[in-house]
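Each structure below appears as structure tokens.
Shared chain: chain A. Partners: chain B in the first complex, chain C in the second.
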Partner chain A sequence: MKSKQTPTWIILNILKWVLLITLLAVAVLPVVWLLISSLRTNLELQVSPFGWPEKFQWKNYLTALSMASLPRLLLNSVVVAASAVIVNTIVTAMGSFILSREQFKGRDVIYTILTAGVLVPVISFMVPYFSLITKTGLYNHLSALVLVYTAVNIPVSIFLVTAFMKSIPKELEEASIIDGCGFFRRFSQIILPLSRSGLVTAATFCFIYSWNEFVMAMLLTSSIESRTIQLGIKFFTSQFITDYSSMYAAVIITIIPSVGGYIFLHDKIIGGLTAGGVKG
Partner chain B sequence: MQAVGTRNSRVWAGRILFLLPVSLFFIFFFIYPFLFTLATSFTNWRGIGSMKFNGLANYKKLLLDPTFRKALINNIIWALSQGFIQVPLACLIAMILVRKPKGWRFLRTAYYLPNVISTVALAMVWVAIYNVNGPLNAILGVFGMEPKNWLGNPDTALFSVIFQTVIYIGYFMIILLASAMNISRSLYEAAEIDGASTIQQEIHITLPMLRGPLVTTMTLAMAYGMRHFESTFLMTGGGPAYATTTMGIDLYLKMDALRYSEASTAGVFLILMGTVVITVLRKLLGKSDPMSEMAQ
Partner chain C sequence: MLRNLKLVVVLMVFSLTFPLFAQGQSDTAPQKEIELRWASIWVGNDSKAPAVEALVADYNAKNAGKIKVVVEPQPDYNAYEQKVRTSLAAGQAPADIFTIKFNPTTATFYGSKLLMDFSTTMDSDWKATFDAGSLQQSTVDGMLKSLPMETAILPLWYNMDAFNKAGVTTLPKTLDEMFADFDKVKAIGMAPTSQMTGDTNAWTSMIWFSHFAVAFGGTDVWSKPFTDPAFVQAATLIKKMITEYSTADAVGLGAGGSGGHFLAGRTAVFSNGPWYAGRADLAATPFFSSIKIAGLPAAGPTTDFMISRLQANICAASSKDKAKEAAILDFMKYLTSPASITKIAETSGAMFAIKTDYVPKQELQKQFYTAANSAKTTAFDLEAAMGSEVTLEFAQQLGALALGKITPEEFCSLVDRKIER
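Presenting the complex of A and B:
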């Protein structure tokens, strides 16, 4: 290594770190800035966009939670995201079990069609989704969002979970067949417990998507009773127009679940992202 | 014989039962919407009232519509920026991180962080960053630059919204990094013995070995560019003066104006352009398997 410390090497090394740190700053500083700003007073914010709070204004968070229907919107988001994750996980586990552990003609065709769904730009379906949801009387109901979020995540979930279930050794299942295990017991007692890790990865992606989704929520709901927190911070913050620090506190509250989930499960998420990449 | 038949039919009943939920979701939320979009794009449907077939009238109207043309051009700029700036930058970072510099795991995790934060929250922060009195102008002011209204000026708005997306390389970087880690170390050791410098190793070993994943990520990035909607919608709404509009935003505005069949036509275009990007790139750049890496 020593022999490499020529002037060119030193310059390239410096450039490398400048690049790495610049991109790190762009990725992390917006959140840090938001966090610090949420703890300052409005007066401090007006004087300068940067700066350390003289005293941490934790009450900004209380203000945020007491105004703008925030608790209701948060609750809606929790209900929608949790339901979508549960429905998506059940539906995907069942489908992936057949697509990975059963042999029959047409299986690969079904798998290809289902996963090809990721190639479709879902925003091009705004009109049909709106029409479908209105016709079925689900407009402005949380269940509309649960259905859409479940569906939109199916291609990704099927891809991840089927790949995971395929990696389970055949011998484990064969032993259970000899023991006389039926179809349902094979699923519930052998494959399902063994695929827990793959299911958690798919569920995490589904949760982050559902928690953060904005466009469909805007399209399919119209009142506070059924709107999610993302719409809340976009539209209902008008009450905060002069109270930026509380608005920033509200935004911080909304990113805690997804960022918190990421910090705890980042290995699973990165593993999920590269599940296909390793093959390429 | 009887017993085998019953067993077989029970197995099939199980298979169908297990595939039914996922299939129903797929039919209602992918196949039906696709056929619905395609069918209504040839009509004069406005949500209420009768629906009349009007052939290619919507397509003609759309192609002559200057706003839609502007949107299409912007989407092409988006696709090129994501394919030829975002992905190469992601590749460069992956090539650096694969050599495991200090803190590479932390950097890998941190670079993906923006991808788990909602577009609404990020857009809010970036609107503040781009504000005339915001941090960006404050920093540039140190170097003597005049403050700019980044998002409010038609000349800088498109560049500003694209920059906000292109600078976040985490997703593509993680895919490329995983592939780079799979390259056999022995190739580099052999090159080292032959006296190849680090940069020569990167150009002659890493890049050729990453060809497949690079084609995949570029295809993906350009397909995303073609369907871009959310962050622009939230930061500028397509303005000022349609400077940042995209096909997705055009579709949304048409739908909002109850011009449903025209919105459907824009939707068909969106799907079509994405398909064109994927097919053309695969033909031009050779074999890759976008399917296996589409999991976002």
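Presenting the complex of A and C:
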């Protein structure tokens, strides 16, 4: 039996590992640096940005939690992100079902208009969103952020979920019609359960966006009661001085839920992304 | 069927919890107390935050049942500026009271009817408490739509411990002396100055450039075309400072890095405003007590001047409600009173456009007051004089100038194109 370990195979294998380790380092080292920096003093950071802490400054985490009211902001972020995900998922599921499974005049035009939003920078919506939210009396309410985050994510979600639903074989739906399923049951009992991976993918994107968003949160809110965690991080940056150590501690606290969520759901996210891209 | 039930339950829970998000502004009951929203940048770890918070608490206690000032914390100054611009563009004032950094960009806000014009409401007693020059600088076409509050001078900071190690015991009096001293500092293995081209304004180097430009072109230099020989000379010198008398990482470096080099003792001369003097990490440096503050040594026809700026002007939203307008004016008078300003200055070391008898106790802060009072004249820095867009272009082209990709003449010409006339 001929050995697979030829010189070419060994060289390619080494190159593969070098590339993988390099990519891993590029992805992981900034987070490691952030973690170490969150345990140093500001002076240590200024003098030597890549050093090891002389003494671990755990108090940076206490400062982060107390000074910027992080627990309250964290709760607000959870409420906003979860609500935006729920509303976005409901709207997306219903919209995508119609756009992918029903035949009607203007369907493609509606789909194009909805998904074209992906190409428009969110920053260009600042003035219209601000006007709408203030005129509807929702300024400084959590619901303002929920509505905006839901709306901003509709194009991406529709794009992903419609493609996913289109990949479900028509025969399944036809069989359910023969069995007596009406419009609502076809949606809720046939298509919706089969689209779970696609919906989870869209929901994850919506959650990550809602969790990390800063500009709209700053624009549409003005008090601790309605602000989100990303504004808490910026609380350590004043006009002239930045408390980097406490800010980095706040960043670490902030990224835990989104990283945790990704670890918990990553198989569904990847599955949804790949499955949606394959024609059935 | 069970799945349908689950869906219905989820929708019902959501519809029941959604109203919980509604809070704050939905109360439509008639209010006797007038609530004033203040979008304050003096929050968080800003040195003025504790005094401002105490002043607001004191005001609210004295006016309980009549006026209540609610501070809306504004973290991240750049995002705050964007919020002010967006809300004014949408036809709304960002709050009842808010601050701006007065410059040609923000002066365009004066065209908005959303801002209260203090020129019609300010009485002579109140007016007399302000520095007349700052009031004049804040007036546009006869309108005073922002009151000058915080001011600053932007001198040069010398680490005299480092200078002494290099055999220099006195501050340079001329530009030639300064470069000779810098050569001595270089000889002991230290970078003479902190320079930078990063961020949106190349802050530290922008201050140096402003000193040079005013020295060669006079205090009215900013009214001249940017292609004026004074600016070309200033550009030539700033290039020399970055390439010969700074750290190797100056091109692309941000303000944090530039200040970090000075704090770490890697550079001997720095430039910044009085707010930097109150930093705990600066006070912890071994050379803190040796720091000397001064203007630029004699370089051109203009000497003994100081670069200054209006750091924060305070605005108020115009109101058709006379009671609310009166409440806003009452709070503004309280906030800008010499007594209130003294309290803020005592804890922060910041400088203000309101006249007080306050003299700081801390030596470094005292030097700032002395330098401001002893200067024959003052002139704005580039950002304060030309606005944020011109300064952004300055910062973006400064790196190219330092790397030798463009000449000082080309540099000035490129910045000149950004100036709206």
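The rule we apply is simple: the second predicted complex is superposed on the first by the 194 of 280 C-alpha atoms of A that agree within 3 Å, B and C clash if a C-alpha of one lies under 4 Å from a C-alpha of the other, contacts with A are read in each partner's own complex, and residues count from 1 in each chain.
Here is the rule we go by: contacts are C-beta pairs under 8 Å (C-beta built on N, C-alpha and C of every residue); 3 or more make two chains touch, one makes a residue touch a chain.
Everything quoted here is computed from the prediction, not taken from an experiment.
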Which of chain B and chain C A:Ile253 touches, first, second, both or neither: neither
Touch test for A:Lys234: chain B only (first), chain C only (second), both, or neither? both
For A:Met165, decide between first (touching chain B), second (touching chain C), both and neither. neither
Tell me which partner A:Ile154 touches in the superposition: chain B (first), chain C (second), both or neither. first
Based on the superposed arrangement, let me know which partner A:Thr242 touches: chain B (first), chain C (second), both, or neither? second
Looking only at chain A, is it chain B or chain C that touches more of its residues? B
Once the shared chain is lined up, is A:Val127 touching chain B (first), chain C (second), both, or neither of them? both
Touching partner for A:Ile190 - first (chain B), second (chain C), both, neither: neither
May I ask you to decide whether A:Tyr262 touches chain B, chain C, both, or neither, giving the answer as first, second, both or neither? first
Touching A:Ala81, do we find chain B (first), chain C (second), both, or neither? neither
Could you pull out which residues of chain A sit against chain B in one structure and against chain C in the other? 49, 90, 126-127, 130-131, 214-215, 234
Complex interface listing, chain A residues touching chain C: 41-43, 45-49, 67-68, 79, 83, 86-87, 90, 126-127, 130-131, 134, 137, 139-143, 146, 185, 188-189, 193, 214-215, 218-219, 222-226, 231-232, 234-244
As the complex stands, chain A meets chain B at residues 4, 12, 16, 19-20, 23-24, 26-28, 30-31, 33-34, 49-50, 90-92, 94-95, 97-99, 102, 104, 110, 112-121, 123-132, 147-148, 150-152, 154-156, 158-160, 183-184, 187, 205, 208, 211-212, 214-215, 230, 233-234, 251, 254-255, 258-259, 261-262, 266, 269-270, 272-280
So in the complex, which bits of chain C are touching chain A? 3-4, 7, 10-11, 14, 18, 21-26, 37, 39, 41, 43-47, 49, 70, 72-73, 75-77, 79-80, 82-83, 86-87, 89-92, 95, 256, 259-260, 263-264, 273, 275-276, 279-281, 284-285, 312
What residues on chain B touch chain A, complex-wise? 10-11, 14-15, 18-19, 21-23, 25-26, 28-30, 32-34, 36-37, 40, 47, 92-93, 96, 101, 107-114, 116-122, 124-126, 128-129, 133-135, 138, 167-171, 174-179, 182, 198-199, 212-213, 216, 223, 226-227, 229-230, 233-234, 248, 251-252, 255, 260, 263-264, 266-268, 270-271, 274-275, 278, 288-296
